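What follows is a short report on a single structure.
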Amino acid sequence: MSELTVVEPFGDGFVAALGPELMLFAGLLVLILLPNLGRGTFRIPGTQIRLPWLLGGNRFKLTSDPRLPSWIATITLTAAFLNILYIFSEGLDRVAIMTESGKEILLVNGFSRVFELIFFGALALASFSSMNRLAVKGSGSKLSEHELYNNRRQGDFYILMITCALGMSVVALAQDLFVLFIGLELASFSTYVLVAFLKESKAGVESGMKYFIVGSVASGVGLYGLSMLYLWAGSLQFSVLATHFATSGTTALPLIGIGFVLVGFGFKVSAAPFHFAAPDAYAGASSPVAGVLATASKAMGMLGLIRMLLIVAAPESSDGSAVWLICFGALAAVTMTWGNLAALGSQNPKRMLAYSSVAHAGYMLAAITAIGAWNWDAAVAGDAGTAAVAVLTALLFHLVVLVAFKLGAFLVLSVLESEGGASSLSSLGGLAKREPLLAVSMFIFMISLAGVPPMAGFLSKLLVIMAIVRVAVGDMGSEIAAGGAFDVGDFHWVWWLALLMVVNSAISMFYYLRVVVVMFFDQPEEGREGPLPSGWQVRTAILLCVLTTVFVGVAGNGLLELCEMAANSLNYDW
Amino acid sequence: MDDWISLPLVGFPLIASVVLLAFVSNANQATRDRLASPIRMVCLVFSSLLLVVTTGMFFQYFGNVSWEGISFNSYEFDHRYLWIEALGIHWAVGMDALSFPMVWLTTFLLPVTIIATWNEKNGATYFPIVLAMGGALIGVFVSLDLFMFYVFWELTLIPMFFLILMWGGKDRRYASQKFFIYTFTASVIMLLGLITLYFFQDTSNPMIHAGTMTGRTFDIQTITSHALVENSNGNWYLGANIQKVLFVMLMLGFLVKLPAVPFHTWLPDAHVQAPTGGSMLLAGVMLKMGAYGMFRLPLSLFPHALQYFQLTLMIIGMISLVWGAIVCLGQTNLKKMVAYSSVSHMGVIVIGIATMQPMGWAAALFMMFAHGVISPMLFAVCGAFKHHYHSMEIGAMRGMAKHSPWLATSMMFAWMASLGLPLLAGFVAELMVLIALWYMIAAEGWSVLWMVGPALVLAITAAYYLWSMQRTIFEGGDETQPPASLHGEPVPDITDSEKLAMIILAVFTILFGVMPWIALDMMNDWTVQIFEGLILPILGNFNGGA
Amino acid sequence: MAGSENSVTVHSEWMEYAPLIILLPMMSFAVILFLGRVFNGHPFWKNTLKEGGLIALPVMAASLILSLLLISEFLKGHSAFDSLFETIPWVNTAVWNGGAATDSVSLGFGIYVDHITVMLLFVASFLCLLINTFSIGYMNTDPINDNRNHRFYAEFVLFCSGMLGMVLADSFLWLFIFWELMGLCSYLLIGFYYERPSAASAAKKAFLTTRIGDVFLVVGLVMLWDLFGSLNYAVVFDTYNIEQVAAHSAGTLQWALGLMFIGAVGKSAQFPLHVWLPDAMEGPTPVSALIHAATMVNAGLYLVARMFPFFGADALHGDLDDLAFIIASVGGITAVMAAAIAFVQMDLKKVLAYSTMSQLAYIFTGLGCAMYLANTLDWHHDKDAHYIVIVAFGAALFHLFNHAMAKGMLFMASGSVIHEVHHAHHHLHHHDDHGDDHGDDHDDHHDDHFDAQSMENMGGLASKMPITATAMLVGSASIMGLPLIGGFWSKEGIIANAWRVAQDDPRFFLPAACVLIGAAMTGFYMSRMWFMTFAGKPKNEVAAHVGPTNTWIKTPLFILTFVTLSSIILAGMGFTHWASDTSYSFLSERTLIEGIVYEMDHAFLNSDAFFFILTYIAIFLGAVVGPGLAMALYGGSLAEGETAKPWMRPVLRLSAWMNGRFYFDNSAFRDSTFAIALQNRLYIDEYYDKAMVNIVAGFSNKVAEADSEVIDGTIKSIESGSQSLSTFVRSMTTGSARDYILMVSVGTLVIFFLIWGMA
Amino acid sequence: MIDPALVSGLSALMFVIGLGGAFTRKNAIIVLMCIELMLNAANMQFAAAAVHHGDTTGWVYTLFAIAIAASEVAIGLAIFLAVYGQHETISLDDVDILKN
């Protein structure tokens, strides 16, 4: 791990350290400006002289192309994504952005960068595949006002995508809880609008409203929790909070504060019982957006949880029965079971995926619970640091690969949506005959979600279970070899979460498989015969997702090492 | 060196299958129909090549390996590639006398299945899927890495799921899902057991292939040797309760796969709905995965727990045996009857294991093998019956001996083989299990009543098979009419390819019945090795030193 | 007889070929089956090769020749040969008795020849050849069999292979294996006319009933294996080994042997597993002759005879007498029961079937008594006792021999009768459409209700089928035990020994009385059969038109008649001693003439008053009372213008006289409940069927239901339960954002209070 | 100067009122106001804490939070408008075509 470089905001090295984020910023500016370039003129006041100043007016052919914003957003996000990959390959510099007064605002390290990979990757795929998704009517100047208006809206959509990415990257980088919160809100607001973007449909606006209003309540609670923490510690710096927790973290005030903050993040990761708006939002939003909610947005919430719990509160959990640990265990159990049970009977594939996303949140919460339990028994816990790294690696890995198959699944639905809706399972009927490749892709996504080898989803689920078991079992093996005697009762109780998790995986198999059966067995719905509308962008995106899913599944070593490195870089002092 | 040979054995069928499927995926129906024949040929040639390779391995043409005398926990043709370093996962393959017969059986059944279902519809996709099935099955048997084992274990579900879903009978939708979910449920619990076992490794032990992140290895050979050392110290490996729990978790996965009563109900549904080829592979090899897994993991790792659960296992085996047989007697559906007879026969395997005698284990191994040769024929007959008479009901078609002498002969042969007629493959195993069971009963003072079950089943098995033959092959008399389901069409006999498949299967059934030692010697050798290497040092006083 | 202390491993040139006795027929099975499939309907195949009959014939001849060579080799050596060639290690495995290493175990195949083997080997291979000859005459001339005779011959040779293998095998295991092979062939052959539901059902019944016995046999074998660690005769008969076992598990051994005996009961159709044999007559007559009279049913006897060394062992002295009693009693009961049922049978073959059952029961009684004697007398040291035991055992074996020859002949003769009656019927009623294709023949074979096997359709055939009638006469006499003919020599011995034992052990009065009464009953039903068939006037038009039979059929009848008649020579040569003890050989004690005189003297002028009287009672019952009643009821002279061969005329005349003089109306008996019960086979079959249908089928249906309702039902209710749970869970997502906010608030409050409470 | 603890208590009260109002009222605008109430409760808490700790960052947080609240209102109202356009109501109970 390289030395930590400290940089002042806008000081030397600031640009170099925040390259990807600044690229996004530049992209955002371009996105705002470029589609507005046209033959607009500026009349010098009081004269009839019109100076062409290129803003507004009849757009140029290029700038009026409705695909332009999408391309800009895609390229920007992809560039940021590749930039991070490049940074990884070159070797990462750890850079802290610190104010003069010594307040650490942002920290660039492997951990935050991996999350940015998730965010940018998901958003890039979503914006790329949205290219054929929104109603556009050619280009040029012969469009009606309505069509023109529609084309202009394209810009808004992708602007929101990029602001969302910016907000998320702030969450990833933040070292101050309030900064994190600001990033979170930026991303949230963007997603609220993205969800409600289909304002011509009842479902679209309804889902937007529900998502907004419930999300706002949750973040209101979260902000209040933040204020309580501030009240208690006098600072929202992670480092300060962590020190405070280590010394006096067992009083009610900080714990309740943390609990309230968790509500805010719980909504983002759609943990029960904060998940209720999620299925509605997914169902009403366009599929790529729903995919973003299920992957990037969830990763953001998960990131917040990790930051909060591991950096701030972890040292407190040393006795194994910490309050938040039990809360979390219960939350994980309820969430995964609830999600799976609800998905079991769901006839709407998007809602089904939403509930499955809830279930996956439960799995990840279980993993976080395990991290909290890492040093429950000094005798057998083994090297706590490595145990925690293992869990964290599993979490990161899961979040990364989730982008491939969860988003991929939504993208397949997106193709169906462009034909006329994907709100019932039967709309998938006969897909195997109509579009064998799409059907096979969907099949791969489904079994990957269910955790069937050799797909990425299996590896990630395996890692999560392994991480939990690792914590639950610790070094008992060595102790036994040294003559110790242990019983099943000596396992840490998080082991039972692992059991619950595998049982839930089995339940989930049922509804994932149902999708497959519908695709391969049922006949197409009335009037839905033949191939689906083409759209090479979305298909390319799906193909990318499939390839990633399979490739990571059979050769996940590289990604695993990356995640491990990232997890290590979170290593404060545990 | 030929050590790498199991890599292509697993990889090539899978790759070939994916390539072929990708090749036809975007073709339209007409092109697919045109491609079906060449693809079928490719698959046949390919699978026959695999058979040639494994047969060559048997005859020591490759690697000059003697399958006998391989000591416990060492493997031939073993090879390792690093797969996922962080977790200690390798592509670790190898074969011993436990796995090799199963590998051979798989490669043997692949071409036979292809021949037997020569005219299956949508051949362009069907045959590659069969090929993939074979690759996955071989993968299960050759893998020496828990992760890899599990990957292939689950991978077998996918082609089978599609075989049932796409080519199955009327209720295939229900059956395929039930099959998948049921066995998946059991195997995820097994997975948790495997992972827990993984983390119970002593990190202070030298582990050559340990993962960089976890400090432990998935390598079966390493784990087994550690367990062996620990067990031979007189201690329960991992301690009594933990060993028991892990044993139960692993066994659960394997017992469901086997399947043993009461976890068997997925099997009749899957079999009845599966197409002939699916049934043949399902009964022939896939069920054996359960038994194979038991030998490879729980029995090799947890001998103490095995001893502790001996009675439980015996009860499960007996119940499977008797229950399966009695249910057979109450069936009117031919294929369902045969499916339940598989349950019954798998009970024999469990009993063989529960005897904790080398003979019982060798018998269980031979039963796996023999049933692997016989049951495909049973299902090939059922498939042909269904194919030709459009019905599976016993009694729908009588006087088959007149209309379809080939089918009638095949049926009688297969039925007789399955009911354990001497000089056919199934008899040896049943006899050996009986002897081992009695030996154990006598040595350990168990109740003589334990013999009642197997004895009863010998009679019941004959009863249901004879009963079904009476109503299918025989009778008909002057009224011998084609079944109503044929709607007056002439009654056909089986096709030439089906005949060929039947003959091949029959020849091998006789071969292994008359000369069981071909396969049995190596199996016996393996069981002696495991007994002398593992069970005996630990449980030396187990039989009371009679 | 003796154990393996006498056995030596002899390598002789013919012994090397012994496996061929088994393998030749086995291989020709495949050949005939294959050729038959391919050339079915081909004229050369059909007419020249007789659809495989002429392939089977030389094979069986070769087997006979090889057997004879082996036998002659053996007779020179006078002792048991074991493992005539390298034993094939069929199954190699290991057991672990708790020691430091596993013990390897081998179940191999080899060949073992001793006196019993030799005798049965001759019986089997000789009869197989004759019946093969007979079959060519019988099967190939009946149109119903056209194009499927290859199946008959294939199954026939496989059966022969099984029988010969069983006889030659060197262990109980391989005995059992070939035994099962025979069972299979028997199943296939009974079901030869598969299209008849009755044949299908009979085949199933035969297999299943014997299978039930086999189950016990297997368990017995397993127990025996456990005691000795082997099933090889050489090991289990070894005196030392028997001592070892006797020391601590004589009781277990008795159980093992008892279970094995149940297997024999099934195979030899003894009460209560006898039900399959009469039904087995559904098969073609050569099958009935070979399998269900002459050879296969002897397998059970062979098995029991094989157990003799245990009973004879010093170490087990007095330990196995209960089992001997059971064997004898089962025999006694069956003998009487079967004979009684035979009284009322009208079907020619069924009479013979019950007769078979009854005669086999005699042999069982004889074996049981011999075993009792061997087990309780100190025969290894006491010379007199030794003689008694040897003769008792020898008598049973001799009866086996005599019965096989006679019954084989009787069945062939009956087949010949049936064949001709059937043909006569055919000619009479279907003269016009005889040229039609076989399908039609097949059909009208079933359309008419004429029963060619019923004795009510016969009568007065003595003149029309002289050879057949003669053979039948001799055979019946042999079975009845008419003095000097065939079975007389052995039957008297069995009766005498039964009574001898009864004197020692009162329990044995049951079998002893049974066999004595049985003698009279045998006399009655056998005579009844002969008179109904051959004496009197033809009972209907068909019987009047029966013609003589063909050469293929006559030849074996002719040969067997002489074999049966020459029984006295065998007796004179000391068969009863030779067959039961290695220390004797043919003519070892006396010359032929001396031997015959000795036997005569022994039989008719027994020095012991008890046995003297007993002999005459038995002769009186069997040769006077039984036949006399039969003559009175069923005798009669031939129709006008018909003449029988001279040797049959006195019999016919006597019967006519008896019938005229002593005829009485037996309708009271015929209509009695008892007679009806006999006609219904004492309702045993019915009870078995009821038990099958009500108990077994009922139970299995219940179990199948439980399987789908309870076990699978649990799975299904888990599924439906989780579905309804899912509906409930989803119903909480009401659609109203207010409720969602409520949920968030509730979650918040729960967290709040939880932490508040705990912190 | 007012005791920060009192301010804090007031903020707690406001928070509870806001939260209670959020799930009892069904008019979206009122719910939005309740949410604002919650945010303002947080703001007051920040201010009180800033006073309590003598730390200026608390004031900064408050400012930012106000900005956030403002943009939230803007987005909210925009969405409600769109909802009204489609559903002709903004009653939370009546906008429920998506459920289960």
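A, B, C and D label the chains in the order they appear, each numbered from 1.
Convention: a contact is a pair of C-beta atoms (placed from the backbone, for glycine too) under 8 Å apart; a residue touches a chain by one contact, two chains touch by 3 or more.
Everything quoted here is computed from the prediction, not taken from an experiment.
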{"item": "Taking each chain's C-alpha mean as its centre, the one farthest from chain B", "value": "D"}
{"item": "Most centrally placed chain - per-chain CA mean versus overall CA mean", "value": "B"}
{"item": "Where chain A and chain B are represented by their mean Cα positions, the distance between them in whole Å", "value": "43"}
{"item": "Geometric centre distance via CA averages, chain D-chain A, whole Å", "value": "25"}
{"item": "Chain centre separation in whole Å, for chain D relative to chain C (CA means)", "value": "98"}
{"item": "Centre distance in Å when chain B and chain D are each reduced to the mean of their C-alpha atoms", "value": "64"}
{"item": "Multi-partner residues of chain D (at least 2 other chains)", "value": "19, 22, 28, 31, 92, 95-100"}
{"item": "Shared-contact residues (touching 2 or more other chains) in chain B", "value": "none"}
{"item": "Per-residue overlap in chain A, given as positions that touch at least 2 other chains", "value": "209-210, 213, 217, 221, 279-280, 346, 510"}
{"item": "In contact (per the touch rule at the top): chain pairs", "value": "A-B, A-C, A-D, B-C, C-D"}
{"item": "Residues on chain C engaged by chain D in the complex (per definition of touch)", "value": "730-731, 733-739, 741-742, 744-745, 748"}
{"item": "Touching residues (chain side chain D, partner chain A) in the complex", "value": "8, 11, 15, 18-19, 22, 28, 31-32, 35, 38-39, 41-43, 45-46, 48-49, 52-53, 55, 57-58, 61, 64-65, 68, 71-72, 75-76, 78-80, 82-83, 85-87, 90, 92, 95-100"}
{"item": "Residues on chain A engaged by chain C in the complex (per definition of touch)", "value": "209-210, 213-214, 217-218, 221, 250-252, 255-256, 259-260, 262-263, 266-267, 273-274, 276-277, 279-280, 323-324, 326-327, 338, 341-346, 507, 510"}
{"item": "Sites on chain B touched by chain A in the complex", "value": "25-26, 83-87, 147, 150-152, 154-155, 157-158, 161-162, 165-166, 172-173, 176-177, 180-181, 184-185, 188-189, 191-192, 195-196, 198-205, 213-216, 230, 238-239, 241-242, 245"}
{"item": "In the complex, chain C residues that touch chain A", "value": "719, 722-723, 725-727, 729-730, 732-733, 735, 737, 739-741, 743-748, 751-752, 754-756, 758-759"}
